[in-house]
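Structures incoming, each one as structure tokens.
Here subunit A shows up in two complexes: once beside subunit B, once beside subunit C.
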Partner chain A sequence: MDLAVVLAIQVLYAIASLALISLGLAIVFGMMRVINLAHGEFLMLGGYAAIVGTHLGFGLWVSMLVLAPAAVGLIGVVVERTIIRFLYGRMIDTMLATWGLSLFLIGLTTFVFGNTTVGISAPFGALAIGRYRTSAYTLFVIAVATAVLGGVYVVLRHTRLGLIARGTMQNANMAAALGVNPPRVYAVTFGVGAALSGLAGGVLAPVSGVFPTIGVAYIAKAFITVIGGGAAIVTGTVSAASLFGTINQLATFATTPVFGEVALLGAAIVLIRLLPQGITGRFFRRGL
Partner chain B sequence: MRLEVEDLRTAYGRIPILNGIGFAVGEGEFIGILGHNGMGKTTLLRALMGFLPATAGRVRLAGRDVTALPPHARARLGMGYVPQGREIFPALSVLDNLRMGCAKAAEAESAIIGAILDDFPRLKPLLERPGGALSGGEQQLLAIARCLCGKPRLLLLDEPTEGIQPSIIDEIVETLRRLRQKSGLTTILVEQNLDFIAALSERILIIQKGRITQEVQPSDLGDPELVGEFIGITG
Partner chain C sequence: MSARAGTLAGLAAVAAFGLAFLLLAPHWVELDTLLDLTVYMIMSILALSLGLVWGYGGILCFGQAAFFGLGAYTYAVAMVNIGESTLPFLLAIALPAGFAALLGYFMFYGRISDVYLGVITLTVTLILFNTVNSTAGPEYHIGSARLGGFNGIPSIPPLNIPGRPEAALDLEGMFYLSTALLLATYFGLRALLASRFGRVVVGVRENERRAELLGYDPRLYKLATFAIGGAIAGLAGCLFANWGAFVSPTIFGLAQSAQIIIWVIVGGRGTLIGPILGSIAMEWLTTTLGANQTTGTGGLADLWSNAPLVLGAILIGFVLLVPRGLVPTLADGAGRLLRRRLPAPAAAPAPEVAE
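== the complex of A and B ==
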């Protein structure tokens, strides 16, 4: 029984962390059709922002939950205004440009912070479940992921801002004819996607530590989740993260983490073969 | 809202489409623009709205030069545009399409939409349906209603009767007439449907090869020979 609870928490954690690292990418790709290959580096910068914030004495919570998204969101807006906006509708060019940006950011952080892993210790300590112990921080990550996904859903579905974003993505010219300024909507959307990536990077920093090339580890999983999820941002991210997170964690539990990763990638290949439009291309089609 | 157009020229790439359009619309006036396919009617409205850059000429809105302004800025100055093909947001519900129409409005959405629905009762039972699931005629009504949610003072209507069942065409005529009496909305209507354009317009400009070549009265459209001469259709 205790083991089942621990395992359930581990599965939920795997789902939550996948959803967290993917959501920013899902927004930018799902709404703007921009493939941001620097997404992993946005996560990495969120981690550094959290660590630098704590060193400057802002406290862990402020650094992780406020500074990291704010800093990376700002970087996102600058990147959109200086690079991405010239490349809308040119997918390959955007991929090349953001790949270049990714290499630049890795080089820059290596130069500034050095090629070593820095970490912050996770708060809360350990949680005892019967004979087992698990990190209480795991539960916090699950809570953050739930809150962020719920928040994005509510904003998209129920606020004027979300409506204007959805309308503009469907038909930018018509939105402009109704008085909406599409370039501003794009900049805000990209900034929000970057901010959520920064938040994810900050929240995961105590778990994984931060080093300049950590984005490379994130980006493959993030892309698999986004492609596996399909067009709907929240529904797609949740469904794909649930599927892949569960497979990954159960396989890890049965064998080793390496096989967990293999199982995740194998599942992704099968899924894309069966559902080329992703899960929400077939199911939950009216989801967001 | 007064609109003055002077020697307006625009092109798709190197191909000139408008070759010096000049006309003016007075406050509260309803004018029709009639012309053959490919004569530049839709291009003219797109250029007036700012979707195509003017290569020469001036567009003045209530005396203010808007030639270089982007579409959203023109919309905010009071221009409303109902494009050819209606351009409903397909995945948004009818209500959300109307809420998009309120994007530039200062007042509360619910009050605006409530008032608009009184003028478009046919949309009331459809509010929760996705815009893409409506019939062509319903979409046309929605496109006009959505535009009116932004309280435009100059309405640009591009072929609202294209591909629409006659019963809804009559309804559109009635609605537009009522709106004109009620609010004195200035309107430019581009059409090929002679009955429709004659029923609504105070005067009609004929466009040929990117120029305004003639101005006629709605009553002139009853004479097939004259019409053939105006717009270059014979027989």
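== the complex of A and C ==
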């Protein structure tokens, strides 16, 4: 019984962390059809922002929940203005340019921070469930993921900002005719996506530690979650993250973490083959 | 000069230069330079494989390193087991080709479009990397070859003359073999692309729907191109395993895949000489940058010696500013200059608006 609870928490955590690392990418891909291969590095930068902030004395919570998204969001806007905006509608070229950006950022962080793992200890300590102990921080990550997903849904669905963003992505010319400034919407959307990546990187930094090439570990998982989820941002991310997170955690439980990861990637390939439009291309089509 | 004569002159120039290089280089340079040149030749073969698949087939494969690594590992495992290199050499080409065909069947017959193709090839590379990386224990072995996990497989026996296991290739022999195979690959691909098959492949790249309506099956042509690309990458992997007598999982890594893409972008898509020149230039640059890496002073020199930073900047710069790559851009520029110098005699008063 205790084991079942622990396993359930682990599965939930796997789902939450997948959703968290994918959401920024999902927004940028779902709304702007831009594939950002530097997404993993945005997460990495979020982690560094949280750690640097903590060392500068801002406190863990401020660094993680405010500084990390703000810093990476700012970087995102700069990247959109200097690189991405020249490449709208050229999906492959965007992938290549952002891959270059990813290498560039890895090189830059190695130069600044060195090629070592830095970490901060996770708060809250341990949580006892019967005979087992698990980190209470796990529950915090699940809570943050839920809050962020809910927040994005509400903003997109029920606010004027979300309406303008969705309208611009559907038909930029029409939106421009109605008085919206599409380039600004693009820049803000990309910035928001980057900020969410920064937040995810910050929140996960105490769990995984941060080093310059950690983005590589994130990018493939985030990528397949977004592609597997399909066009709908929130529903797609949640459904794909649930599927892949469960598979990953159960396979990890049965074998080793490495084969858990391999099972996740394998499942993703099969899913993309069966549902090229992603889960929300077939099911939950009216989702958002 | 007609286009055909131009093509022939180009081919003759490449052949003459290639043969001269093959025969003369070992006499002119020191042994360590020859070793560097050998790896340039091997990487050029790898670059040609993506040059075919992406530049002509229009299939953006983010995981060309998977076939390269598979070729290297196949050779290593088979060679350790067999000890005579004919069969391992052939297997190192056949297995990646078969794997590419399987993957290609899965992707092209599922009608998966370019972006998803990129994702799948990337994912497959990561699966291979993760799997091989975690096979460090002695329980993971194929025959008598231990996979070694992240430690890799050391001291792989070199290639030998078919049928004579005692006549192993030395370093100079490796140079001759790699250069000869690069030339063979280059001219083989030129012949392939000039054939009916090659024309259809390019036709599918230009407009898949139209090719299909004309009665060609684009899936089959893409599958064949992809498998040939896999075979060439496997060949390069086999040579690479020979060159260093060592393979490790990093050759499956994303960094390796990124490099191949950078070579092709820099050199130019839709040419074969472009990827070769791109790979040589970039490999030379990486070696030069890496050689400076020991300064460790934290100054500007350190920033410059940071290979990912420089390669990333090059990739961004080329996508934004020279998206077609050096060779096509330069060829266009040269062609325009020539035409301006020598106005065509027949079309004298034609106005400029025709551009």
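The criterion applied here is as follows: the second predicted complex is superposed on the first by the 288 of 288 C-alpha atoms of A that agree within 3 Å, B and C clash if a C-alpha of one lies under 4 Å from a C-alpha of the other, contacts with A are read in each partner's own complex, and residues count from 1 in each chain.
As a convention for this text, a contact is a pair of C-beta atoms (placed from the backbone, for glycine too) under 8 Å apart; a residue touches a chain by one contact, two chains touch by 3 or more.
Since we're looking at a predicted model, the values are computed, not measured.
**Student:** Fit or clash for subunit B plus subunit C once both are placed on subunit A?
**Tutor:** Overlaying the two structures gives subunit B and subunit C room side by side.
**Student:** In the superposed arrangement, which partner chain does A:77 touch: subunit B (first), subunit C (second), both, or neither?
**Tutor:** A:77 contacts neither subunit B nor subunit C.
**Student:** Now for A:262: first (subunit B), second (subunit C), both, or neither, which partner does it touch?
**Tutor:** Only subunit C; A:262 stays clear of subunit B.
**Student:** Which partner does A:160 contact after superposing on A: first (subunit B), second (subunit C), both, neither?
**Tutor:** first
**Student:** Which partner does A:86 reach: the first (subunit B), the second (subunit C), both, or neither?
**Tutor:** In the superposition, A:86 contacts subunit C only.
**Student:** Here's one for you: vertex at subunit A, rays to subunit B and subunit C, all C-alpha centres; what's the angle to the nearest 10 degrees?
**Tutor:** 90
**Student:** Which holds for A:174: it touches subunit B only (first), subunit C only (second), both, or neither?
**Tutor:** Only subunit B; A:174 stays clear of subunit C.
**Student:** Quick one: name whichever of subunit B and subunit C touches more residues of subunit A.
**Tutor:** So, of the two partners, C touches more residues of subunit A.
**Student:** Scan A:122 for contacts with subunit B and subunit C and give back first, second, both or neither.
**Tutor:** neither
**Student:** Working from the superposed arrangement, determine the closest approach of subunit B to subunit C, counting only CA atoms, in whole Å.
**Tutor:** Nearest C-alpha pair, subunit B versus subunit C: 9 Å apart.
**Student:** Could you give the residue numbers on subunit A that contact subunit B in one complex and subunit C in the other?
**Tutor:** Touching subunit B and subunit C on subunit A: no residues.
**Student:** Looking at the complex, which residues from subunit B come into contact with subunit A?
**Tutor:** Where subunit B meets subunit A, its residues are 49, 51, 70-72, 75-76, 80-81, 83, 87, 89-92, 96, 99-101, 103-104, 109, 146-147, 150.
**Student:** Would you pull the subunit C residues touching subunit A in the complex into a rising list?
**Tutor:** Touch residues, subunit C against subunit A: 60, 106-107, 110-116, 118-120, 122-124, 126-127, 130-131, 133-134, 254, 258, 261-262, 265, 302-303, 306-317, 319-320, 323.
**Student:** Would you mind writing out the residues of subunit A in touch with subunit B in their complex?
**Tutor:** Checking each residue of subunit A against subunit B gives 160, 163-164, 166-167, 170-171, 173-182.
**Student:** Going by the contact rule at the top, pick out the subunit A residues touching subunit C in the complex.
**Tutor:** Contact set of subunit A toward subunit C: 35, 83, 86-87, 91-93, 95-97, 99-108, 110-111, 216, 220, 223-224, 227, 256, 258-259, 261-262, 265-266, 268-269, 272-273, 276.
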